[in-house]
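Please read through the structure below; I'll follow up with questions.
Letters A, B, C and D name the chains as they come in the text, with residue numbers starting at 1 for each one.
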Amino acid sequence: MIIQLEKNVKTSEIAQIKKTVNQIGYQTNAVKTQSGNFLIAVGKAEFDIRRIGQLPGIIDIHRVSDAYKLVSKKWRVYDTEIDLGDGVKIGRKQLSIIAGPCSIEDESQIKSTIEHLKANQISMMRGGVFKPRTSPYAFRGAGIEGLKLFSSYCKANNIKVVTEVMQVAQIEEMLPYVDVFQVGTRNAQNFNLLDALGKIDKAVMLKRGFSGTIDELLQAAEYVYSNGNEKIILCERGIRTFETSYRNTLDLNAVPILKEKSHLPVIVDPSHGVGLRNYIEPMALAAVMSGADGIIAEVHACPEKAASDGQQTLNYAEATQLYDRLRQTYHLKKSFNGW
Amino acid sequence: MIIQLEKNVKTSEIAQIKKTVNQIGYQTNAVKTQSGNFLIAVGKAEFDIRRIGQLPGIIDIHRVSDAYKLVSKKWRVYDTEIDLGDGVKIGRKQLSIIAGPCSIEDESQIKSTIEHLKANQISMMRGGVFKPRTSPYAFRGAGIEGLKLFSSYCKANNIKVVTEVMQVAQIEEMLPYVDVFQVGTRNAQNFNLLDALGKIDKAVMLKRGFSGTIDELLQAAEYVYSNGNEKIILCERGIRTFETSYRNTLDLNAVPILKEKSHLPVIVDPSHGVGLRNYIEPMALAAVMSGADGIIAEVHACPEKAASDGQQTLNYAEATQLYDRLRQTYHLKKSFNGW
Amino acid sequence: MIIQLEKNVKTSEIAQIKKTVNQIGYQTNAVKTQSGNFLIAVGKAEFDIRRIGQLPGIIDIHRVSDAYKLVSKKWRVYDTEIDLGDGVKIGRKQLSIIAGPCSIEDESQIKSTIEHLKANQISMMRGGVFKPRTSPYAFRGAGIEGLKLFSSYCKANNIKVVTEVMQVAQIEEMLPYVDVFQVGTRNAQNFNLLDALGKIDKAVMLKRGFSGTIDELLQAAEYVYSNGNEKIILCERGIRTFETSYRNTLDLNAVPILKEKSHLPVIVDPSHGVGLRNYIEPMALAAVMSGADGIIAEVHACPEKAASDGQQTLNYAEATQLYDRLRQTYHLKKSFNGW
Amino acid sequence: MIIQLEKNVKTSEIAQIKKTVNQIGYQTNAVKTQSGNFLIAVGKAEFDIRRIGQLPGIIDIHRVSDAYKLVSKKWRVYDTEIDLGDGVKIGRKQLSIIAGPCSIEDESQIKSTIEHLKANQISMMRGGVFKPRTSPYAFRGAGIEGLKLFSSYCKANNIKVVTEVMQVAQIEEMLPYVDVFQVGTRNAQNFNLLDALGKIDKAVMLKRGFSGTIDELLQAAEYVYSNGNEKIILCERGIRTFETSYRNTLDLNAVPILKEKSHLPVIVDPSHGVGLRNYIEPMALAAVMSGADGIIAEVHACPEKAASDGQQTLNYAEATQLYDRLRQTYHLKKSFNGW
């Protein structure tokens, strides 16, 4: 149950609400987000909602039986739009394209990528500087200095920076340089990281764990949201199954389900999903038709020479064709939605 | 290695070819299909292909290292089109839509479905009469009498019959009434059934096993093909994973991969895939964008009253909207392919 | 609900029972097995069981809410023992060991294996003559002539024959030569085969599908049982998961669960399970501790030269050590059970 | 390749070794652990090992082709024993039993558990104080104060503390109170946490990710080891599959494989594995027969009232029986190993 409180609710009113809610067998959690104050009540007993609804200090009450509450569409029925500033937005009747290399390598790579993005009217660039690697002996990324360089070129070109954060201790130093903090699949249930990202005022893109359920992704989002940060983007990037012909099983089934269960935008990552260059375009177009709000794709001037993930990275010509087809496909999809 | 033989190859020539092939350490399998005579040679040794190619009686030789041979696109590079007669075809630059109920119930249901299909220019009807059921106590279908009724109405309306065959013993009695024999997911590796279906001259639609790999699906097709029947349609219908929010994980990644590996047409079944009515349309449209040659969907006048699978079945209004959007989506996809 | 009928129940009594059961909203299925006559009633409504129990012609009634009924331990609480004749039994307080090659090759292989089994007091020999192969071009087994040879040596040595049946049409010709019909993992839901094996009076060993649930295995057993044949052995042989270090994930968790849910004996196949020679012994011993009634293992005089599955086959010395340790482990396990 | 350096190796000698190794196309990583100094060389080229082996400053060289190096048994062939002090050890020819509640609740619970452990000669107690919870609204554990209480009673009773650490920031405050830091399944690839735990001198128990491969578990261990900390325990606790009859698929196949691939001890957690009280004992005994060095089990005076995981927790009587049978089973297993 989500109890939305009045802006100027009195402490004594909150106490009275809590007491009443406890009496019916529910525990309360106070939540303050960018848009409001809430009490999230968790419990199982049946009760007459009017018993609470008439108490002073309450704007609205919603029963949400799912384990996630504030990210549920049962509470907020219209789609959330996330504003990154300078006219760049994600979600709600628009197609977002995020593109860039797996790893930030050097200045010339950044410049070349930005030129490619500008030529294609793309305003969000991905690029990893802290890389989670299965082996301790592999390349771990260009680090904070790489991020500063990445950010300086993006700012100069009005492009938003999307990059992965791996631990709580990195957030503070990254904060001035990042527009969208990406949480990787291996940290999908790193609850301390989620808590910490809930306390900042920057967008957070949550990748589904490679064996995470749709429900767990939504609960991870609830971690961020219940700490106050409403700017959350969900990202489907493939799950682990028995099939070995491709890298991961990109699970497009998750897209319409997430869109029905939650008001948050859903981005699809076909590069890590199917993970093979030839299949990125069909899977990206399919993602749009399944209902995705956008695509994040790996692009590199010369995929064969990329520091990581070359086999799933598009070159500029392939990417340019993809952007064009994504836009045509989204145009058709919008007409189906009556937008 | 596929050795294509001349039409009038002499027995002595075949003997000589076999002898030479055996000498280089390969075993041969003689295969006679609707379009030609072949020797399929299986082995691992390296050799000079000219040693065989110059022997009399041979039209052409293709090295195919995959476990499947005749269904591989490495051998036949253009897409196969399957002709069901009366202008109804599947594969190669056209969208095929197959629709109908999970189970054939009675005469009025058949008539009503056909009316719906005719109104939407659909010329293939699905409908199960032999139903594989997990429990021995569940409804097992209307049987051969149901099929005869189903077929008589379809013939009168120039609609092709698509229905599941469960065992070798059923093939003969079903033959006059069926246009496409469907092999269900539980029989995906029923090799005797595959052998037998390879000996008839009717189309066969092979569903991927719910835990079958893409490679296993292609080898199942090779069973049918190597027995002589080239009229094979592949069908992706969802795999088993850890996710429980939907019925099966419809694996659209398989579509572009199957299209690249094989010349056979690929149909997608979103009804058994995602398995929930609300998500059939987005997944069907996504399937088209992923490269599918067609869709098979469950449709019923009143899904709530269907004898089986109601929760994943569309009503006529939903289906009509789907057909229209499938066609628009395929139209766009064709333009991407330059067709 | 299982309604056990009196031996001499009258037709009119059955009609009255059916009528009453239908009135409470349940469908009935008449089942005649080797040990009795039953009506299996399937439905969901609540009712007073006394309403039925007092009708004439009924011995006993059991409510079984699972989808499987007659194989459930809720009905038959003591473990089933299957008697193969000549003192050879499976299940209930005894350890059964079945060993032999993957495929029957020739006379000398049969003789050598039997010698090895006799030396180790083993009275059940496995050996495939009809081999399900993923590729149509692979060796498909020695066939019915191989089975006759296999059977003749086994009969002469008082050893029971365990071999796989792949299709209904094979049953009749195999019948005189087989003691335990094995249904392979790919036929785990070949319902026609299960129906047909329910009509014979020979033991049937059902392998779990490589992506079959525990519940589906029990429903497959219900297919056989409800056709009349009570002589069923369940076999865990590994499931398909994302892990690639071994062949299949032998799922020992299934063993105590199957033993709790069903009265049927449970055999474990570590050869197809973990699938690598070095790990057969530890997994076989673990299986005994998990509660298995026996083990089926692949053994060959020279695994490197076996016609199939050599990498998971033990040689005679390894097998001899395994048998000894299995017996010691089972002895300890029995003491835990207080037997 | 692992290059073990002499204790008093000179800087100039290291420089020369690195230069030579780089010349053959390998990258070096300097690693200093509790027992020695190493250069880990990663690369693919073929070369004559004598070219490096004869350089001054080197004790020994081992080629290890796996992605993990220092945790491989190809390098260290004898099993590692981890000494927790006061005679408590894990690994190498001894059975370790760790028991205790899922979550530390209060003083009386700690005292009661310790009494139970002392009565059963068990010297390691598990108990969570920082709990990773899928929902942000669930109980998150008793925290550092709970740990201090837990530790004080354990120290007084000569019992070692095993508890989960969730993030880098917790390590320092936990350090005085913990004997074995447990890394949970959701943090199995939290590489920053692994790096940090590699820099302390306390034992670390790494749980396999619920969809982590055996190889990934070993690479996680390599993260800890290559940071200097050799005191690593591997823990199998169940993986995610399609089966829903139990909590997780406890993968005992992993045990003999981990024991063959690595010299590190392997502990099995049947409580989180199969996850249902009735099956804990059979799976624990099976784990011992599969080759496990020990068991970690959840125990509570009154499982029904436990703050978390009650359904998979044993009461004291059940646990006492389990300890006894584990010891008898291990005794038999040792005899098989010739110990």
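Throughout what follows, a contact is a pair of C-beta atoms (placed from the backbone, for glycine too) under 8 Å apart; a residue touches a chain by one contact, two chains touch by 3 or more.
A quick note: this is a predicted structure, and the numbers were derived from the prediction, not measured.
A rotation of 180° superposes the C-alpha trace of chain B on that of chain D, rounded to the nearest 5. At the chain A-chain B interface, residue numbers used by both copies make up over half of all numbers present, so the two copies contact each other through mostly the same positions.
Using the average of C-alpha coordinates as each chain's centre, B ends up farthest from chain D.
For the pair chain B and chain D, the distance between mean C-alpha positions equals 49 Å. Chain centres here are Cα averages; for chain A and chain B they lie 38 Å apart. Look at where the CA atoms of chain A average out and do the same for chain D: the two points lie 33 Å apart.
For chain D, the set of residues touching two or more other chains reads 211, 240-242, 244. Listed in rising order, the residues of chain B touching chain C in the complex are 27, 29, 40, 42, 67-69, 132-137, 166-169, 186-187, 189-193, 195, 209-211, 216, 219, 222-223, 226-227, 240. For chain A in complex with chain B, the residues that touch the partner chain are 211, 213-215, 239, 241-246, 249-257, 260, 273-274, 278-279, 282-283, 285-291, 325, 328-329, 332-333, 336.
Taken in their complex, chain D has these residues touching chain B: 211, 240-242, 244.
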